[in-house]
Every structure is written in C-alpha cells, then in structure tokens.
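Chain naming follows the written order as A, B and C, and within any one chain the residues start at number 1.
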Amino acid sequence: MAKLSIRNVLAGASLFAMALIAGGANAQQVTLSLLVDNSPEVLTRFEALVAGFEAANPDVNIEIETRPGGEEGGNLVKTRLATGTITDLFTYNSGSLLRALNPGQFMADLSNEPWQADVQETFKRVVSTPEGAIVGAPFSTASAGGILYNKPVYERLGLSIPKTWDEFLANNEAILKDGKIAPIIQTYKDSWTSQILILADFYNVQAAEPDFATLYTEGKAKFATDAAALRSFQKLQQVYEAGLFNKDFASAGYQDGIRMLATGEGAHYPIISGALRAMGATYPDQLKDIGYFPVPSDDASKNGLTAWMPQALYVSKNTPNLDAAKKFLAFVVSPEGCEILKSTGGGTGPFLVKGCVLEGAAPAVSDMLPFWDSGNNSPALEFLSPIKGPALEQITVSVGSGIMTAEEGAKLYDEDVRKQAQQLGLAGW
Amino acid sequence: MLLVKQLVTMSDLSMTGLATQRSTPRPRFKSGGLYPYWFYAPAAAIYVVLFLLPTASSFYFSLMRWSLFDATFIGLDNFAQFLREPFLLQGLVNTLTFAAISASLKVVLGLGCAVLLTSQIIARGYLRAVIFFPVVVSTVGVGITFTVLMHPTEGAINQALAAIGIVGPDWLTNPRLALISVALVDVWKGVGMATVIYIAGIVSIPKDYFEAARIDGASKLQNFLYVTLPLCRPATVTIVTLSLIGGLRTFELVWTMTRGGPGFSSDVIASVIYKQYQSGFYGLSTAGNVVLFLFIVLLVVPLTAYFNRREGHE
Amino acid sequence: MKLIKDYWLGVLAIIVTAVVFLVPFAFIVLMAFKDQQQSALLDFSWPQVNNLWANIVEVASTRNWMLITAFVNSTILTVSGVTLLVIFSAMVGFVLSRRRSRFNRLVEFLILAGLMIPPAVVPTIWVLQGLGLFGKLHGLILIEVAYHLSFCVLLYKAFIATIPRELDEAAIIDGARPLDVFFRVILPLLWPVTVTIIVVQTVTIFNDFTNPLYYLPGNQFATVQLTLYNFQSQFETSYNLLFTNILLITIPPLVVFLFFNRQIIAGMTAGAVKG
C-alpha cells in the first residue's frame, strides 16, 4: 500500500507540475509591460492613465507590474536592466540615481519626440544622459522639501511663520508649553522620513556656500568639516534634545505622520510636499488647514525652498514595441493625461508640462509658489551631485533618536559618501 | 587508464570495508552494482552548478568592483571596505548575541517541552500541535504580526502588561532591546522544531535504561539528569548546530521587523551584506558574503569537531 | 495524588501554550475579520463586524488577482521542488549510506558546506543568467533543490542506515536493476522520513521569501510571500487586508502539517537524532 501511494503521489505531482510549467498564453495584440513603484499614489495614477489610454487605443494592452519603492526597488530595476528582464516602460528616479544606471545603454532616446517642446528645462536636464540625450517623460509634479504645518494650531497660539531657525525653535517652545500637541512630528518607522530635515536644509547650505555641490562631488567638501553642512545635522540633534517630537516618534510611520499633521495632533512635519497628495487621499477635508514654509536658516535674509524633481517614465531600449510605448508617453503628457493627473491626487508643486495648470491647489502648494517664481530655490543635493550615501536614513534616525551626536553622524555620513563615490568609480576619491 | 584503475581500487576498498563490517556471506556484484555512483549525478549536477560554482566564483567577484553593468578588478579593496563598515563590529556582536540567545533558548525550552510531552500529561496531541504550529507560519507573516503585537503603545503585549499595572518596554524601538526582541520571536517560531527533535530523541532511548533507573530507585530528577539528558546528546548536537547556523545567517526576521534599526542597532552581518547589495555594491556585498562564510566556518567547524570528539569518548 | 498533580500540570501547560502560541494566531484571525477602522487600532479585540469575506475578495482581487497567480506559482514551486528533493536526496543518501568509499568523506564535506555556507547571491544570478534560468520558475525550483539538498540527504542517510541491508540484497537476487530496487523497495521503506522531509521542506519552500525576491523578479512569477511584501506598503493603513493575506497564505502549510502531524516524529527519530 505504502509502495503504491508514494510512487503515485510523486509521479502525479511531478506530472502536474510539468504540465503547469509548460502552459502559457499567447497575446493577440500589442502588450506593453509597465513597472511602477507600489506607493498608492503612483499606482492609482497609472491605473487611471492606463485605463484612459487603453480606451483610446484598443489595440494596445498595458500590464502594470509593481516593485517596492526606495532603494530596494531601485536595485530591482538595476538587476532587471542588467539581466535584460526589464519591462517595456518603467518609472525611476531622475538626477543622480538615473545617471548611475548608464541611461544611454538601456533607455530609448526621446529627444526628438514632439512633446519635448512643452517640457520644462530643469526637468529635461535631470532626465538626460551624460551625452545629452533626453530619455525620460514627466508624469508627476515637482515637489518641495520643508516644513508642513498645521494652520489652526498657529492661529490658536498666535504664532507667525518663522524666518530664522531661532524663531522656529521659539514657536516650538510655545507649542510645547501649551502642552496639548507635539511641536514636531517624526516618523522613524519609515526611516526615509528622518532624512528630510537635513536634505531640505540644502538651500541654506548652498546659500552660504554656492559651490558646495561641486566641491562635495570632487571630495573636497565634507559634512563633518563644513560648517554650513554640519549645521543641518546639528539642527536635527537640537530639536531631538529639546524634546519636541511626538512621543511615539520611534514607532510611528509616514501615514501616522500625515494623520497627526492633518488632525492637529502635531504642529510641524518636516517632509517632502508629496505628503500633500497622500493626505488628499486619506484626509481631503484637512488639506486646507496645512501650510508650508522652508527649513529656516540662521539668517533672516536667506530664505528659500529645496526642490525635488519627480520620478520620470522611461522606455527600455530593447522594447520590441517602441512605437506603442512612445504613444503611451505622448498620452501621459497630453491634456488628457493632465486631466487624469489632476483627478488622481492633484499637485504638490508645479507640473512640468506647459499648459497643465493646477487650479485650486492646496494652500500649502500656494505657499510654495513665491519661492518657485522668485528663483529662491535650489534642487536638493542629490540632483546636483551623483553621490548620495545609502546609509543616510539610518544615520539620521540615530542622530534624531539621540543614539549619536550631529558630529558623529556627519562623520559617519562622510564615510558612507566616500564608499558610494568609490563604488561609482569617481575620480579624486 | 589510471582513472579506471583508481576506481577499481576504490570499489575494492569499499567492498573489503563492507566485508569486514558484515560477517554474513553475500553475493558479489560487478563494480557499482546495487549502489551505482550515478545515483549521485542528478543531485550533484544541481548542487555543483547552482551552489558550488557561484560560491567558488564569489571569491573572484569579491575582488571586483561590480555594478552589474561592468566590472573592474580592485584586489582586496572590497574586503578592506567591508571590514571598515562602521557598524560591522556591532553587527558581529549582534549576530553572535542573536545566535546564542536563539540556540540556547531553543535547547532549554525545547527539551523542557519534549520532557513534558513524553510524560503522562493530558492533551499531548493538542500541545504538540500547538507548539509546532509557528514553524509552519511564514517568517514574513510572523515578523509583521509581532511588529504589530510589540507596538510600544497600541500593541497587544504592552496593553496586556498595562492591564496588570506594568509599563511594557519599547520592544522594537529601544536600541538596546530591539535585537533581543527579534531573537525572542525567532525562538517562538523555532521552538516547535527543537521540541520535535527532542521528542524523537527521547522516544528512541531504549526502555531498558529507564527500567534500570527505576529498579535503582532513581527520582524523576535523577532520571532526567542521568538518563534523558546524556542520551539526548545527539538531538542536542543537531539542534545546537542547526540553530547556530540559522542564527548566524539570520536575515528575514530582522529585516521584516526592524530593518536593522533603530539606526544601526539591530544590524546583523546578513543585513549589513544585504544593504550593500541593495545599494548596488555587488562586489562589496559578495565580499561580505565571503566574510560571513569564513566567520561561520571558523565558529561551526571547531564546534562540530568538538562534539564529534566527545561523542567518540562516550 | 500523582494523577492530580499531572492533571494540574497539564492544565497549566494548556493555558501557557494557548497564551504564547494561540493568541498571536487568534490575533491574525481576528484582524482578518475586522474592517479597516477597527483594525487600525491594532488591539486584541473582538471584531465589531464580520468583514472577512469582503477582505478576502479585496485581497484576492488586488493587483489584477495577483494572489491567485501567486498561489499557483507557489504550488508549482513547492510541489516540484519537494518532489525533486525527495527523489534526488534519497538516491544520494542511499548510495552514501550503503557504499563506503573515499567519496564518502568528500560528499559528507559537501553536505556540511551546503548547510553552512550562505549562498552568494550575485554570482548565483550571474550563473542563472548564463543558463537562461534567471527570472524563470524552473530556475527557482532548481535553486530551492540545491539549497535544501544537504539537509534532506542528512536525514535520509541516517534513516537508511537503520534499514537492514538484506532487504536490498534480496531484491537484487531477483534480478532487479538498481533503479527498480531503489524505487520499488527502498523509497517505500523510507516513508517515515519522507513524511518529515515533505512537511519541513513544503513549509520552507512555500514560505521562502528571500530566494524569490532575488531570483524571480516580475509579477508574472510572484510567489505568495512576495505578495505579502508587495502589499505591505499598499495596505499600509489597511491592517485588516494585510492580516487577511497572512491568514490565507498560512492555510496551505497548515493543512500539510495537520495532515501529516502524527507521522513527523517517526522520521525525526531515525533521521535527526542519530545523525
């Protein structure tokens, strides 16, 4: 009995397995694969864009695949590029992270697409190859890093928008004394949020030392030894030591942070303005209560915004369906695409295609406009230099939790940066 | 020709080896016979190609700066860099701590559960199933579940503690506690396997020993100390070796629960290596892999040798 | 007196194990019944509504029924992987245990190496790609076989040593060929340890997260553990869905375990303990 059953079970199982492996379907029409990161906003946007596009082009079928966000997802894209398993279309960061991919080798040249005329120049620069070919298309708005704050709290306590770091600290002290809510929201469960205060301080670094980015890329300027850059780390240490964070800062996540800000459980959230889109999804009614100001500097005359360029949509150089893929890109940047963009979460800053105006934007977005328009803004360091140390978020969690000091953190980050530069094979390291 | 001759000698040797071992006369077969070497072939092919070859070439890859797109030979720089990783030392200490907690608690608790389950206790079947059950839940699932249960304020564990007047610790967000919490969850998940191995060990002890102990008037404790414990040695060796190796290589649970955090405080070697991989430092991460490999060999091989020697004396 | 003491010990054991082992499982089940608002509280409480079916439907249909695809993939992966493991490692264990030669030391060394050495991911991707197996389901099946061979061979080898040699010899006198002897006589005799291996390896491979993450990119081949990972950020605020997913993917290994529960120890007795 045992003899019979074991053989049958094993033989049956392997037959079954082989039959299933051999199975597969053939598509009748053009099918494009599209790899996007799995954040709800991006996913909803692309689901809507694909639905709109397929309705207009019934012969093209687009299948969305998702990947994790952040570095993990970036690594997946790299692996799939190198192994030739990349999708026809995919989203990826612009700026330094794009350059690390050898874009000229893997991505189709889009420089001659008619819609390029409508795309903003700054954006074109961060999605081009070192040789100057433009390889990306925008599907999102630019963002600003800084402090999102709860306006009703400011009104209740009679506070005004701080122009200097000391004024910012004074506001926080007032909120702390009031004793009802947390002055500053931190959410270290999603450790990437811990680096924003430092990254968004870059306008101030650059205002103090205009060629910091160049020197940093050449290995001549260091965070630990450059006063303006070290100041960014010190600001984080300072707000931790003043006890300004929400009690559960170590276990709270990004979504908790958005809830705290929206419902007024916390007053300030140092974050990228993409948070407004996430808030629009869960707390649409509270969006009007949220305002924005940049990370304040020590000099009241220097006040500006640190900008983030959005991810872009790329086409694989090896796609067999280049024309269909280009058709989809044209749809994304078209007026219909713009409508879909507006209907799926709205803007977090200016959109990068001419003619796509975001009416009725959230107050926080309006707060940013003067900085965009006046030129008092600077791209974040990661868009000016190819080097960003991969361990920054662990370091900022450590500094922001009192595990290490600002000086120790900055020193450690310089080490991390050195490693990245060496791995990139840059000269002078 | 030489090879053939060698093979013949080898099979001759094996035959004589067998012959001296068994006294009963047996029919002789031609070389290989019932136990042909080609039975090794399918397993060997898969093992060599997908395990040995990558492992061997990792020594080569670890000498390259490798971006998946191109490779540059940089000698031992990757090793120098990996050993300079600021938190490598802490990662080593963490890995050892994790492996020690995990292996020792699994031995102690597993043995305790096994003794209980081989005694005349009620509901044995239920108890055995329940203790083994966490083994079948996926590590990622366990990680997510306990991350929620260990939430410092809203988690069920600290709420239960609060109900009896104890302020629970910040299990996963306190830098000093995070690693230990993860190790405890690992024990929770693995104790069932240790228990089953111990039960098997106890069950296979010949009844005569207990009978002899009973005649000598041994107490329950003496029974345990002088019969069960020494005769379970092979089971203990298996559990210690498996959970030590598992502990030294641990990754999934740490990664799902803390990602090595807060900051770097619960980083283990495997998570340090994964972070290098994640950043695209493939040569560096392969060098880290080689370091981990040497680390395990240095720890486990002497230990196994020690166990085997002790075994020989008994 | 003794009986009463044993009885109370039993009751105590039942209570302790229930709290330690069943409460976390009950927590998963309760969360799967809740709606989003209640699940966000994260507490251990009775569900106010029965939202289980709605949760299941939503989890299953997310990302174009990815969970269903994943179940099919994971089943193929597990069934093929375990089948190959059982046959190949029993063959190795058989010859290794029966035939003494200089090979034995080498083979035993390789087995130990397989247990200890952490697989080198990047070079493995390189090899898989060279063979055209990267990102393919059968590539991952072979990877799982390669990584778990050592453990299975160890168990088989130890168990086969307990089977009297006369049995195989009796078979060969009848004129059977080695493969016949192996499949007709030996493999059925190995059933107790085979059960252990089936349970342990089914659980391991079905629950494997790291290897599919590295070697099987793409939605088309998502495995159940990767769905959990993928949904983790998507369901960030919907713990009810996250836990419904955990519950669903725990059921298959649980069924395998309950089915073979009573037979696991028999295989361990000979396998792990005398190893």
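Methods note: contacts are C-beta pairs under 8 Å (C-beta built on N, C-alpha and C of every residue); 3 or more make two chains touch, one makes a residue touch a chain.
Since the model is a prediction, treat every value here as computed from it, not as a measurement.
Of the two chain pairs considered here, B-C and A-C, the higher C-beta contact count falls to B-C. With respect to chain B, maximal separation of chain centres occurs for A (centres as means of Cα atoms). Mean C-alpha position of chain A lies 39 Å from that of chain B. The distance from the centre of chain B to the centre of chain C, each centre being the mean of the chain's C-alpha atoms, comes to 15 Å.
Put simply, the C-alpha centre of chain A and that of chain C have 38 angstrom between them. Counting partner chains per residue, chain A shows two or more touched chains at residues 79, 83. Annotation for chain C: residues touching 2 or more other chains are 87, 229. Looking at chain B, residues 151, 277 sit in touch with two or more other chains. Put simply, chain C touches chain A in their complex at residues 63-64, 72, 76, 79-80, 82-84, 86-87, 125, 129, 134-135, 137-138, 183-184, 187-188, 191, 194, 217-220, 229-230, 233-234, 236-237.
Those residues of chain A lying in contact with chain C across their complex are 2-3, 6-7, 10, 13-14, 16-18, 20-21, 38-40, 43, 63-66, 68-69, 76, 79-80, 83, 85, 253-255, 282. Touching chain B in their complex are the following residues of chain C: 6-7, 9-11, 13-14, 17-18, 20-25, 27-28, 41-44, 87-89, 91-92, 94-95, 98-103, 107, 110, 112-124, 126-128, 131, 142-143, 145-147, 149, 153, 165, 168-169, 172-173, 178, 181-182, 203, 206-207, 209-210, 224-225, 228-229, 232, 239, 242-243, 246, 249-250, 253-254, 256-258, 261-262, 264-265, 268-275.
Chain B contributes residues 65, 67-69, 72, 77, 81, 84, 86, 151-153, 170, 172-175, 259-265, 275, 277-281, 284 to its touches with chain A in the complex. Chain B contributes residues 10-11, 13-14, 17-18, 21-22, 26-27, 29, 32-37, 39-40, 42-44, 46-47, 49-55, 57-58, 61, 66, 116, 119-123, 125-141, 144-146, 148-149, 151, 154-156, 159-160, 188, 196-197, 199-201, 203-204, 234-235, 238, 242, 245, 249, 251-252, 270, 277, 282, 285-286, 289-290, 292-293, 296-297, 300, 304 to its touches with chain C in the complex.
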